[in-house]
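The structures considered in this document are given below.
Both of the next two complexes hold chain A, though its partner changes from chain B to chain C.
Entry: the complex of A and B
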């Protein structure tokens, strides 16, 4: 006899357990799989030929690799920050979006991690940044931001993946118990680690989960600031600014929220999860996206204002970003990440699937253009006029970028296929609290 | 019956019934109890005396240790063992040692807490007697269970079964060891 509680979460559990998943999923997986192959190809070309296959050259030593790194890390940090603050506030929205917000953060960190490793030129030696007792008796230089970044990326990847997995354990146990095929049962059983649902286990699990969620908050702020420090500690006039960390944290949060929104509306529509991700959740998410876009807008105004207050060389290089060869990127970034999200003042737009996808996508594009504008446009008029030149990404660089987009999409597709996208135990818990 | 038991288990349909049953059982003097539920039940955990205060201590101790190890190793490597003069900047440039120190403190605290959680819960574990109970798979879905362990001093097969039946459960079953 199926009870209310069972009826409550079985649609979520049915998704990973169903033997078939429809052709659209396969088409999407094949497309992203092709992009993953492209990623493999472009990474191999960097390994075999060297960074010469990229269009980078002095002064643009960081081209697409750092643009995309900063972009992916923004998604990861924004999504993590959002997920962690929902857990802490015990907000209703957490039940609906927390699981895949953490997933999005983890997948984005994987994509982000590829770039700094491969832009080293000799990626197989990346472990040199780790302080191990090497036979040539040198240690990493900890006064460099690049070593901070090593700790930041690896910590983010380890902590978010562990947090995500520990949060999944009780739901994996549900899948184990509901699975009909023996092999499927065994696989989920193995990953559920023998979870029994004893109230002792629950008590410890909840305490540890919330505690690590608290730890994620400062981690994200420090990490996103570390990314910004990489620019701020250089002597390049447009980058050497104390406002950089704030700019990266704020635009990164907008970006993370927009990707969470994008995935939320697509999941809701694609997997018919309207009951778990309801109208109120999407509405609230839309309002958060709008608020974060307004904060980004404020920071763009701050950027313009501080350029006019700065010394002449800094002013010139910031103005070059706004009026020079790459001015289009600067203004398009503002249009996409600040102006278009203003659509969300309308309730109709916040609740429409199409507008959600449009705005989510638009902020993603906008922040990418902003990173391009900082990393390329910011170097246009450096101190040495003899190196004033342009930068054009090559085909392998585009391949690398599209490849990580494909990798991200493939990971999201596999996640929605094999794991519960909405926390089932949290849904049961919420329902119980509502009743009592 | 010669076969040794792990305990006696009663199934309930509502969390309130489980909470009531736990109260009754401890009133009757049973001390070795375990309860199972598809979602966290804070009041039942409280009744059973689950104390989770070890978790924040793990985080604090591990976090401090991580911070000390990271700051200390940065200091030792860059100031003592391999000093490099970069543009006349001080070797012990403490502000630049801070970001990695904070990050690694969080790394240690987070990893220790989550791995410590698994160690405290004795997971992973391939099998447990409770899984042999018919119908227990619904403990991860919509049913609530109270188990009185056989190691309880008051445990006695007949008596405990009769006691559990007074709590109006769906069914009472034996848990083979």
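Entry: the complex of A and C
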């Protein structure tokens, strides 16, 4: 390999190999570490005391746990759908964002997976949802949403981690070759699985990477729809709608893209990666976020319209979401995930770090509020007026949510510390193409 | 540049990958076998009893009916364990001075129940009714084995839920005529149950396998 091509990506490779990483990284890691401890504490309280520590009760049997599950899985779906389509299209943007888009997707799956397991009430028996030859000779109930969660999350975890890891292999080999200390060399070398960069290996690698990426496309749509079907198959009037999968896929995509954008602008600014995540990349990402926010907006209009076309009970329950006790969540969701992203019509905003963080964050918040509005607001007026009441999350529920945010942040921080955040081999490949 | 990993190390890594795959499969096979092994379910393992009671002697050689001691088996969920009074109907006359019967005599004198150790203990979440089974043609022997040959009382079946379901899903082949329920070593000759009763039980398996039949 020519030395100038190697020099091209050396700043990316130097990041994980540098002996020091600055105090800011440590401070961030400590803060997220504290939140991870909080997560451990709240999970233990659920195990030792039971789900009674949560504020869930009839009719709100799916409180914070399902809101946060749906929210995290949305990030995972959006980010991996985006990453996989870039790999398959061999789009320029992939060099800049794919690595951390895949990483973000994987970390979000880990966070999402916590909720359905602990939501079971007896998490140590979670394997009961898996169809194994048990001595009690009863299969799991395949019509139960619990088993759907199991398949959705395990498929997700396998496919997103594969996509991420397969893409990492050649870059791990680069790190192995550039590392100065013998132990560091060996650790990266172990995970590089003996990568030599031969033509054979490249051919296999390309095939494997694209194969996994192709797998992601249908799976993500199916998995996100599965989450939506968990609501749609119930008899709750506001949930029992065929438009539910579309709503979840579209808002999930917007959310995934916004988190990718958020991480992109922060990495670019924090690690000085302007050369690899260039202005054009951020601009393009901003346009994508804007487009997906517009699709979300269209689906909100569809929600209102289909409520008026629906039967009186469905209409009433959807209207309750818009005007009832939790109306604030509904309208704030639209404001945060549809109205604020309109800022990106301006080129200045698309290029600005501050605006990128602001919009990325606001869509994330907006979609969370939307999930809250669906799961809590949607149950406000069920068929039985005797169970019409309010839901208030308890402190352990907030702790659980903040804990998963901390876990996510900690995983991202460790990722940027020890792994190349930009795909070096893809960057070299594109740079080669441009030269020739 | 020298090689980072020696040839031996690389080969060891390859072997390790294969071994990991095998051990995953192996753990599955082991778990499958372990969860079905008799030892896991305490099959054939006697429990410590206050009196070395011998079923082979009482039910086998002497031919005492099961219901003499387990007196509520046809009427209640619990088969009933004998009180000291039941034992003393005979043992006030035979083996009067035997030291092994001391707990029975003191129980009788003090009015304190004998603390038998249960060998067939179902978990609390499983509801089992002896009367429902015994009065519908499920024999003692079907679940408890050849008690009349046991020196020490042991389980002969796992009593796992899968074992229960084996019968609940298709009870007819396991049922006996009423007069054969308390018989040990019964050999069915031909079709014992009339066809209409067999048909009834085939129909009933739907009701017999619903969750709340046993988990109430």
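Operating definition for what follows: the second predicted complex is superposed on the first by the 432 of 436 C-alpha atoms of A that agree within 3 Å, B and C clash if a C-alpha of one lies under 4 Å from a C-alpha of the other, contacts with A are read in each partner's own complex, and residues count from 1 in each chain.
Going forward, a residue touches a chain if its C-beta (ideal position, glycine included) is under 8 Å from a C-beta of that chain, and two chains touch if they have at least 3 such contacts.
Since this is a predicted model, take the numbers as computed values, not measurements.
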Applying the document's definition of touch, where does A:195 land relative to chain B and chain C: first, second, both, or neither?
first
For A:92, is the partner it touches chain B (first), chain C (second), both, or none of the two (neither)?
neither
According to the stated criteria, A:283 is in contact with first (chain B), second (chain C), both, or neither; which is it?
neither
May I ask you to name which of chain B and chain C touches more residues of chain A?
B
For A:212, decide between first (touching chain B), second (touching chain C), both and neither.
first
After lining up the shared chain so the two structures overlap, which partner does A:138 touch, if you call chain B first and chain C second: first, second, both or neither?
both
After lining up the shared chain so the two structures overlap, which partner does A:428 touch, if you call chain B first and chain C second: first, second, both or neither?
first
State whether A:186 touches chain B only (first), chain C only (second), both chains, or neither.
second
Would you sort A:302 into first (chain B), second (chain C), both or neither based on which partner it touches?
neither
Overlap of chain C and chain B interfaces on chain A (superposed complexes)
137-138, 176, 194
Of chain A, residues touching chain C in the complex
133-138, 176, 185-186, 189-190, 194
Going by the contact rule at the top, pick out the chain A residues touching chain B in the complex.
3-6, 9, 131, 137-143, 147-148, 151-152, 154-155, 158-159, 162-163, 166, 169-170, 173-174, 176-178, 193-208, 211-212, 215-216, 218-219, 222-223, 225-226, 229, 425-426, 428-429, 432, 436
As the complex stands, chain B meets chain A at residues 13, 15-16, 34-42, 44-45, 48, 50, 52, 55-56, 59, 63, 70, 73-74, 77-78, 81-82, 84, 86, 89, 93, 96-97, 99-100, 102-104, 106-107, 109-111, 113-118, 120-121, 123-128, 130-131, 137-142
Tell me, which parts of chain C touch chain A in their complex?
4-5, 10, 13, 32, 35-36, 158, 160-162, 165-166
